[in-house]
Amino acid sequence: MSRHAPGPSKLFAVLLFALTCAVVLGLPGARSVSAQQAKSSDAAYEAQRLAADPDAPGPVQPIPFSHALHAGKYQIDCLYCHSGTDRSRMAGVPPVETCMGCHAQFGSDLEGVQKLQEYWKNQQTIDWVRIHRVPDYVKFRHNRHVAAGVACQTCHGPVQDLHKLYLVPDTKWVNGMPADKLKMGWCLSCHWQNKASVDCLTCHY
Amino acid sequence: MPELDRRDFLKLVGAGAGAAAAAGCSERVTKLIPYVIQPETITPGIPVYYASTCRECPAACGVHVKTREGRPIKLEGNPAHPVNKGALCARGQASIGRTYHPDRFAGPLQRGSDGKLSPIAWDQALDVLAGKLRESAAQTWLLGADRGPTGNEVLARFVSAVGLGGRIVYEPFAPESLRAATAAVFGIDTEPLFDLSKADLVISFGGDVLETGSSPTEHARQLAEARDVATKERGGARFVYVGPRLSMTAGNADEWVVAKPGTEGILALALAKAAIAAGAGAEGGHGALASLAGGLDPATAAARTGVDAKTIERLGAALAKAKAPLALPPSTGLTSARGVATAGAVLVLNQVLGAVGNTVQIPAGSGTKTTSYKDLLALVDAMKSGKVSVLLVHDADPLYSMPASSGFAEALAKVPFVVSFASSIDETTNAAHLVLPDSTPLESWGDASPRPGVRSLLQPTLAGLFDVRSIFDVLLDAGRKLGAEVAAKLPSGDFRSILEAAWSDTAWRDALARGGVFAETAPTGAPGLAAGVAKLEVAEPRLDGDGPFTLLAHPSPMLSDGRGANLPWLQELPDPVAKITWQSWAELGQEAADKLGLVTGDVVVVETPTGRAELPAWVRGGLRDDVVAIATGQGHGVGRYASRENDGQPGEVRGVNVLSLLPTLTDEAGGRAWLCTKAKVTPAGRKERIAFSQASDNKRQRELGETVSLAALLGEGGHGEAAEGEGVGEGSAGEHEFIVPYNAVDDAAATALHRWGMSIDLDRCTGCSACVAACYVENNVPVVGEEQVIRGRLQAWLRIERYVTEGELDYRGGRPARSSHESLGNVDVRYSPMLCQQCGSAPCEPVCPVIATYHNPEGLNGMVYNRCIGTRYCANNCPYKVRRFNWYDYNLKNFPEPLPLMLNPDVTVRGQGVMEKCTFCVQRIELARQKAKNERRAIADGEVTTACAQACPTQAIHFGNLKDAASVVAKKSADAKRGYHALQELNTRPAITYLAKVTRGSVEG
Amino acid sequence: MTPPPPAVSVADMIRPVPTPPDSQANQDILAVMGRPTLPYWLLLGFLVAFVHAAGAVWVYQVYEGLGIAGYSHPIFWGVYIVTFVFWVGIAHAGTLISAILYLFRSKWRNAINRSAEAMTVFAVLTAAQFLGIHVGRIWKSYFILPYPNQRGLWVNFKSPLVWDTFAITTYATISIVFFYVGLLPDLAIARDRSTGWRKLLYTALALGWHGTGRQWKAWNRSVLHLSGLATPLVLSVHSVVSWDFAMSIVPGWHATIFAPYFVAGAIFSGFAMVLTVMIPVRRIFGLEAYITNYHFENMARFILLTSLIVGYSYSIEYFIAWYSGVEPEQTSFWYRAFGPYWISTWIMIICNAVVPQVFWFPKARTHIPTIFVVSTLVNVGMWFERYVIIISGLSREYDPAVWGLYTPHAAELTILAGSFCFFAMFFVAFIKIFPVIAIAEVKELVIHERAHGQGGAH
Amino acid sequence: MPLLVGVFDAPGNVVGSIERLRNRGYDEVEVYCPAPFPEIDDALIEKPSRVRLFTLVGGLAGLFTGFLMTIWMANDWQLVVGGKPFTSIPPYVVIGFELTILFGGLMTLLGLLVFGGLPHGRFGVPDPGYSARFSAEEFGVTVRCKERDVAEVDALLRANSAKEVTLVEP
């Protein structure tokens, strides 16, 4: 609960937010991107191809983003893009700004990055297809699990090896019944194992 | 990710919390939409708080706006603000709904030739406005409420620069009489400040300071401080209420003096005289008094006021004896054509008692200076005679809030071009030709200064939801369109820059952070009496018409002057006294009703010289039999919630607008008079179902809303039950030898760090219902509407029960008798908040077949919505009846767009067919737990509190960890003399300890 | 004894066993199952139609929410639960007659046990539906079963509602088994005398019953054991139902007398229903030879007895309320008799405790119209008994601020009516498909009498 | 082998003939009764039916299931309701009882099928010698014997006042 009062940053925030909303409402954005860089590695091209592969499991995303490339090859820390996940109930999904932080500099020869820059130019939001979700009456807390040292892969699968993301199936058995990934029994089996709270009110309220 | 949340809610609202499970929402393709640029302060999932100011009433309480992903979801009191010190009243709590109101205008509108309002673009709208101004600036008038120092300044500059006819600052409940009286008595045109916290004897002459006064939250807190039995000796201040009606404020008094309405001034003078006779100290007012209260010996005063001489002498003596007495002037309802004299008399009494400079301050420039009512009436005449060609209306609904007899309607019809700045539909806007929607308080910059030294800021916490613009920027732009010379006279820049400039004398960012600059000015001392005193003519007021009844048009605590009527929460919150929702009702005294052969629910015709109205009667003992009382606020014909739905479409008039009955009278100084007519009351011969939220105020001597006499508390015998400790109260005195004393701490797991508990101090609870409103907003509690309330389906998790006296074991047949146990001159009202008691051995738990409700390790009575199958056995078995069932998918039916945006994302929205109830705001506990858990410690006292406790103006509710012996709640719960548990003979082992209300008895001379 | 005739050659003896005219009992009772008449079809058609109408209302309720019913805080249970308890009560006569009277070897049961058992089965089926109709989230109601699930959750066996689920399920199962076992020999009889689809049906159901020695031996034993099991069951089921209320702390519910009180009431209403149904059936299908006034008189005696028990319970409830000195209890009962629900209360007292007293007079016990009227009134009275207990109890609880009132709405009343049609539908169909009287057991008597040459069909 | 059918009116005679046939060493005897007559069954089969065993086993199984299930489930995931102990016997008695009855009843049905030899014969094909009159009010006694004994059996049955005796199979 960040009850600290709004400093200059907050004001800035409010204005920025106003701007964002205005943009969402379709007013023209004011920024542009220079794209003059060296050619990307073949690995990058390969990754992009695989990430876009319609036959691979998982939904086709607006941008062929490869976790295997970023988290795997380049070893970028999850929290670098998904910031806030260690502080908040919700996982931080990187704003376009974050992506542009790097891709303003390079990768513009990749069609995926071009798409990204397109989004940025029009100040549009990227509508990713959601893959991991729990019902709304389940109050999952990312920060708690990060604090407890649960690896992201535990729930999200080996993202560092996945070019195209999907709900990597995993089944635990509870009372002889199969509990699929992100189902209650699946969460519980881990909670029981690690002596985490299994009080109903921990997740349901 | 606002969009994401909205989608979530839409789905939630669509599918319902539980039903979603069946739907298997994980299969549904949903989008994950991040920001383009994420504001650095916003971390999705973590609330951010911004300090701002509530603009529901002139009191200008400071608020913290709780935002999630840049979206305000709740208003909380600003602890740093001197007015409300962290509390926030029901109206403030509900005001967040204005921003997400389904009636809001998406953008500017113009009335076309077809008579319908149709959207136009802003610049187009501005051209239209500018054009009108160019044509007839001199015949243009600006009518609206006070907008704070800077706002007023800008408006004034605009008026002069463009050369408008003038500006009317209009506030229907403005205490003009009091201002005039202060001017007359002390020669200073200001509003006196009353500090109840210092007083040891408060006598209110019809001043309903706790619900509809100038600053209810503040006064409630002060009164509670003054009467705190823990710190003040002998029960602290005594409180006497003078007036014809047992209002909420009166219900909190020790003694109720039933005076004839309008004779408060006379009584005040008589008391002053009696006080002097008993040797009141201050020389101040004696001279003036002699001239004013020449012949007012107790006997004559008694004859004129209907208060017997003995009482007058007794009270006089008491006032004389009191160290810090305080007399409060009448508030709106009792302001008569003699308003100035009455208020003046009260001020004189204060002067005589030496209260001025002590409990009464007369600081220059306090309160809001409104235009005199007579000037407004003059404008109405001008409008009638076609002298006004353009009327700009903002922050006011005069077409509703002006008495019909003033002819405002006809006058407005004569105005060729009416511009409204309202952000959502109201009566006046419905008649406007151009609508330029202003931004709501949560979206706008601004400031307010309720009294010298206290400057409070508003800052926007939401933008882009609607295409609306601040009235100031609109007017400035329109003005600038009129040419360079006008523009030159206008302040430069937009309103925000103007505001910042106006605050340049302060540390702007600091001020924003704290919510303003709060430098309380030093006491003003006691100014001497001015010559004006002699001119006061204290006498019975003029009342138009004839008829056995005096019409008392008292302000509604929830709807106020009608501005609250379109907020569903305020409609559904039961009136603190009548416990009626969504409707208008006429209060009649018991005897009067018996004479007319009326019972509660019978429709009566109330006739005055200026109008007639039909509305159901509520028969009560707490009202003089020569008075009929009707609350303001209802009677709207537009607005989704303000008006009744008529085959699916709003537009049928809801209830009665009492203003249609009032003649247009003014007080001596031209201020607005409310107590101004007699009325005839006749049965209409039909019945109407009243939307009561409470069946009966007879508690049948059961262990609810207990009291303990002061004598008993001080261990001086009297009622002995206090000594019993457990099971305080007349009803339970020594009867329950089978009650097992218990320790609520035992009902938590030994290993748990917390046992959540609550203490509720009935001696502090005023019944204001702020907690209820807070609960509604915090927990996404649905509003169900009039018809459902009548069918007994109110969804409130927390309700305030209003019991009168210990009650009797009446075995009347038929329906439970609505007619109250009140009686004239007798105050024994017990307000008792009732919410889930989180019982240690809860009757609701073992009967649930699926363990949807259970007892968690920290002592909470958990309710798992998605497990519930809706057998409703738990609710049957709950003796406190605090469980509510979703008979329909209320959240689907009653949360039209964009209301879902204000739902609390941390609380599941309950779907059709599940049980719901209070869980001590477990979502707040979970949030607080994060920090504590990271630091491997228990949640500290004060680190988490429930929405109800937080909102309470008097801090009657304390929430915390009972396992922590040092916590406030643990200490409070340990109170052996006042502590009791509701219906303890059932041995449910509640976690809530009530502290019995202290009966201090009537004031001794 | 005649001397054996001279032996003839084997060849001469070869010929099929001739079939003489069928026995009187078979003819009479199977005649009931004869070709349905037009009025029969009309009646059945109406019933089916109404059941569907009620079903439509229920679907609408599931879609809209229980709000369309008359529920009102704090009365969370209404007509649905009332009707549930009512039908469970009705269901008691069958097993009682079949099981308990069987153990007591009171042969007069033979004439009525078949139809009574049928009623039991149909009544239980009707009642069971109301558990589903009543809950807020029918689509989640399977949560109430203790089945292994990935959530790792079980049910709360401390909850009377779970007891109820088990009791009703058991009772339904056992009643059906009992009904079927009793039906076996008659199915064989029907099989031997039917053609077409009926032949097929009965052949299948009869499981090749021939009435051989070992079949009868096993059958006798099974019926004995089933009776032995069903007797405590029938007493337990309504006790459990009564605990749905007695286990709570609601004034007017929380009473130790409830179990015996409810069981007596159940038998009371059960017998009344059997009479209400059988009197017309006997009349229409001319079964006077089998269901005689003697049977009716015995049942009237039972009604008189149980009526006395029920009446006693009423008075005891009030006595305890007064004697306990618990004010909420006293208040609740006062309002029960003189409050908003006084009409229901007095209907219940008069119909259940007063009217049946006419059976003290043998004339009344043997006068069929009287019996019919009384039994019908008892049914009405027993429905209102449950209504009074549930509604008036809930409407006057501990917190006077939230006292409330409840009046049933159209939806509930439609579904209530629908439940009667549902029950009737099954029974009407049953009349034409299965023998309404246990033929084999009737024959047992007939043959005995023929063997020992006694008279009178008792 | 030939099959004779004797038709009787009185159960007493049936019992008589059965005993006689047994004494003469005829084992393949079967009776068809229209109604339950324990004396006949007992004459045919001496030892008491073992259905009782099934009932007992079923009942006990139910009882144990009832208690073990409730106690185990309440402790498998311990959730406090109404501050009551997890293993609280009184409420579980109800479940125990109900399951006793349920299982007992179902096992009894099973017993009937097993010991009653149901389903009996091929679908829709009656035993040779069975006829509809045995589901009316007459009794049938069928005897399968060697050809040379036909006469004796015939005589024996008639001697026990069989209404008629017929040979349905040579």
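Chains: A, B, C and D, in written order; residue numbering restarts at 1 for each.
Note that a contact is a pair of C-beta atoms (placed from the backbone, for glycine too) under 8 Å apart; a residue touches a chain by one contact, two chains touch by 3 or more.
Keep in mind that this is a model prediction, so the values were computed, not measured.
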Between what two chains do the most C-beta pairs come into contact?
C-D
Which chain's C-alpha centroid is most distant from that of chain C?
A
Chain centre separation in whole Å, for chain B relative to chain A (CA means)
45
Approximate Å spacing (C-alpha centroids) for the pair chain B, chain D
81
Inter-centroid spacing, chain C versus chain A (mean Cα positions, whole Å)
62
What's the distance between the Cα centroids of chain A and chain D, rounded to whole Å?
71
So chain B residues touching two or more other chains come to 18, 21, 843, 846, 848, 851, 854, 856, 867
Touching two or more other chains, which residues of chain A qualify?
175, 200
If I count partner chains per residue in chain D, which residues reach a count of at least 2?
76-77, 79, 81-82, 84
Write out the stretch or stretches of chain B touching chain C in their complex.
18-19, 21-22, 694-702, 704, 788, 791-794, 799, 801-803, 807, 809, 811, 813-816, 834, 843, 846-851, 867-873, 875-877, 879-881, 884-889, 912-915, 983, 986
Note which residues of chain C are touching chain B in the complex, please.
64-67, 71-77, 134-137, 139-141, 143-144, 153-156, 158-162, 165, 244, 247-250, 327-328, 331, 334-335, 338-340, 342, 394, 397-405
Chain D contacts chain B in the complex at 79-84
In their shared complex, at which residues does chain D touch chain C?
2, 5, 7, 9-12, 30-38, 40-42, 44-45, 48-49, 51-52, 55, 59, 69-70, 73-74, 76-77, 81-82, 84, 88, 91-92, 94-95, 97-99, 101-102, 104-106, 108-109, 111-124, 126-127, 129-138, 140, 147, 150-151, 154-155, 158-159, 161, 165-168, 170
Show which residues of chain A lie in contact with chain C when the two form their complex.
174-180, 183-186, 188
